[in-house]
Amino acid sequence: METEEQIIEVAEDVKRSGAKFLRGGAFKPRTSPYAFQGLHNEGLKLLLKAKQATGLPIVTEIMNPNHLDMFNDVDIIQVGARNMQNFELLKELGRCNKPILLKRGLANTIEEWVMSAEYIMSEGNENVIFCERGIRTYETFCRNTLDLSAIPALKSISHLPVIVDPSHATGLPWMVEPMSKAAIAAGADGLMIEVHNDPKNALCDGAQSLTPEQFDNVMGTVRRYAEFEGKVI
Amino acid sequence: METEEQIIEVAEDVKRSGAKFLRGGAFKPRTSPYAFQGLHNEGLKLLLKAKQATGLPIVTEIMNPNHLDMFNDVDIIQVGARNMQNFELLKELGRCNKPILLKRGLANTIEEWVMSAEYIMSEGNENVIFCERGIRTYETFCRNTLDLSAIPALKSISHLPVIVDPSHATGLPWMVEPMSKAAIAAGADGLMIEVHNDPKNALCDGAQSLTPEQFDNVMGTVRRYAEFEGKVI
Amino acid sequence: METEEQIIEVAEDVKRSGAKFLRGGAFKPRTSPYAFQGLHNEGLKLLLKAKQATGLPIVTEIMNPNHLDMFNDVDIIQVGARNMQNFELLKELGRCNKPILLKRGLANTIEEWVMSAEYIMSEGNENVIFCERGIRTYETFCRNTLDLSAIPALKSISHLPVIVDPSHATGLPWMVEPMSKAAIAAGADGLMIEVHNDPKNALCDGAQSLTPEQFDNVMGTVRRYAEFEGKVI
Amino acid sequence: METEEQIIEVAEDVKRSGAKFLRGGAFKPRTSPYAFQGLHNEGLKLLLKAKQATGLPIVTEIMNPNHLDMFNDVDIIQVGARNMQNFELLKELGRCNKPILLKRGLANTIEEWVMSAEYIMSEGNENVIFCERGIRTYETFCRNTLDLSAIPALKSISHLPVIVDPSHATGLPWMVEPMSKAAIAAGADGLMIEVHNDPKNALCDGAQSLTPEQFDNVMGTVRRYAEFEGKVI
């Protein structure tokens, strides 16, 4: 998310391709304090404009429990990988009534992940969605190693839905399509895919983003796979 | 592979379900020298009987270049994970004219794996098949972490076929079906699945084996997935 | 930290053995919300009593930026492994004037760790101490794999002091002595060692704690090593 | 090992600095078949000349059980990391009467390592030496992560000696000194350090090698540490 024009244009594109939610990063957890940190409150406002323009519900990441007031019009609140075991944040989110998208930590076990969901649910908010985004291993071909076995693993010990983020997991736009198909085949309930209208000039995460045209192609394939699995997008 | 009756019965069962190859372990690379090491030459003879009884081509693992003479009637020679960088064995196999099934090492990179295939091919044998069988990570839910991104990764840098072994990768029989579907969706050219007529009493790897009935179910699902991908089993 | 008697007794013991700081856990980041979470504000009060009784400066972990008011009499504030990339917490701590003990994340790189220190320092607080506490690997003999190469690595790219926590790293009390010696030999500026007067009945982390007697022995050895390195404890 | 002059010069240098053994690579297990593979039998001959010139016993790696005849004048036979679970090679070495230096596999557990030593010992050769050379993790600062906890771990479950190879473990010459000190402090019985008279122009592993002058300095430090530990070099 960089400018109003850009975010609304992308939002309309992905809606046309069949996206059901719009995720944008207003607060961005960057490794370095000197990297682009997101547009913060201005970013949230842009995201809300895209919501108004398209009617798509919006998802965005929270990094500080004290920011919760700013998230009133956000539909789903994301907890990023680096905060999966920020237990104070999880407990605070357990006291709000919005769905929480809980990304897996960089190197967290399935069991720790389920326990983090418990931190939210034990405070009263049972609306938690797991998001597999790859784990940290010795392999460097992809940015992370996408662990699709996490899907049946989670399904065997939890009733909560599981989605997959192939963009962050692989860091390679051409891997998004095969890994999206595989995620659906393994039982995923949804996908989160990074799209940018001009990946080469993106301020952040450009290298892994699809163009709207590429996203449209992937969505076509994914839709056929989901139907084959008896699911409706 | 334990007795003649057992192996032939399983071979006939899996053939009926649509298996195209029969893999059995005659020489077994066990972590401990005190664990069951396989039936060696006797095991090879049993496997050949199963081949005669069913007409299925057979696949089995070699651990010592000096054993190559015993593999005359074997159709595909497997190099196990622990020998993926046993370069002397690879070079020897590069001088024979049988297809080599090259399993990925416990913690080897895609690049190292491709280089190990080069050790075989640079000696003249270009008939190499990659087999992804999970990598070693911190996660303990499954025995290994199945890395399905290896399939498109390999396809992007090599022309060689890639198959997947969900049984060894996950160590959990109930994970074989979802991971088999996901492997096909990610572009795998084949699957290697462990079957035992009596998993609970198996001398080795029983915990991860399917019964012939379970295998038949998985094959039904996999066949539909392969057809959906435009492939024929 | 469980009761006033217990904490003061242990504090006096470790002071006698030469400890220069006293660390106690008031807020404890536990994987499960149903595990003992620490005594919170009551725990802080106990720790302050031990400080008054012994004169030892105290170190304790913060998990929520909103708790900072409670840490007025704490001498060094610890950021735990799970919060190493809780950037909002780091920035808040960058605006206070106390030394920050920054533990390495479960599976964070040296570079990410240095960047997290930058989050604190870029807000004005340059008093950061690194604490190596083992990283997550496939190996299960110890709880984590103590990465002593992190000490010279950090020294080569940062001027900040580095200490080592062999208790959390190994999870094995009998490993504390050899790993403490090795840490000093590798250039560590200090050690953080878990001590409990009754490890077998501890509410938390008992299995890895030394008794005060064992701690006294380890301190004797460490002192000789530090002197050999030309350092004074 | 590249030329006769070079190897003898380095051998004399390291002997003067106090080295007790000379290791040289005649057969080199390289990831790529197109990389320098060592001088093979010519390399063994050079190594023997260095042995004659200096009187130092020699250590070199075997990769193929069929090469054993060539190793008659080698004093200690090394099994490299990639062959730690080449069980056929281990069994063959168990039937010879030379000490075996067993390097840890890239990502093998302590338990698997001890079991590989059992493969050698169960055939009759009880003269096995473990060599820790770093394990494969997500961290990329060093080439591998040196696991010094392996030393007390092995000592707790085996009577066999343990040495450490800081050169291969870290891949950084300036890390050899602190990691050598730490290894001795953790209880190591010896060190294996890479030395090259002209690291910048080495055909292989130059980047991690010390010059003979640097080695002399490290040996001085290590000697003081060993004496402090009550050991004699």
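Labels A, B, C and D are assigned to the chains in the order they are written; within every chain, residues are numbered from 1.
Everything below uses one rule, namely that a residue touches a chain if its C-beta (ideal position, glycine included) is under 8 Å from a C-beta of that chain, and two chains touch if they have at least 3 such contacts.
Owing to the predicted nature of the structure, the values given are computational and were not obtained by experimental measurement.
Novice: Tell me, which chains sit next to both chain A and chain B?
Specialist: Touching chain A as well as chain B, we find C, D.
Novice: With respect to inter-chain C-beta contacts, which pair, A-C or C-D, contains the greater number?
Specialist: C-D
Novice: Please indicate which chain is farthest from chain D, where distance is taken between mean Cα coordinates of the chains.
Specialist: Farthest from chain D by mean C-alpha position: A.
Novice: Chain A to chain D: how many Å between their CA centres?
Specialist: Centre-to-centre distance between chain A and chain D: 47 Å.
Novice: Based only on mean CA positions, could you tell me how far chain A sits from chain C in angstrom?
Specialist: About 34 Å, centre to centre.
Novice: Where the CA atoms of chain C average out and where those of chain D average out, how many Å apart are those spots?
Specialist: Result: the chain centres lie 35 Å from each other.
Novice: Can you list every residue of chain C that touches 2 or more other chains, as numbers and ranges?
Specialist: Residue numbers touching two or more other chains: 107, 111, 136-138, 140.
Novice: Which residues of chain A touch chain B in their complex?
Specialist: Going by the criterion above, the answer is residues 107, 109-111, 135, 137-142, 145-153, 156, 169-170, 174-175, 178-179, 181-187, 225, 228.
Novice: Where on chain A is chain C touching in the complex?
Specialist: Interface residues on chain A, with respect to chain C: 29-34, 63-66, 82-83, 85-89, 91, 105-108, 111-112, 115, 118-119, 122, 136.
Novice: If we count contacts the way the header does, which residues on chain B are in touch with chain C in the complex?
Specialist: Chain B residues touching chain C: 107, 136-138, 140.
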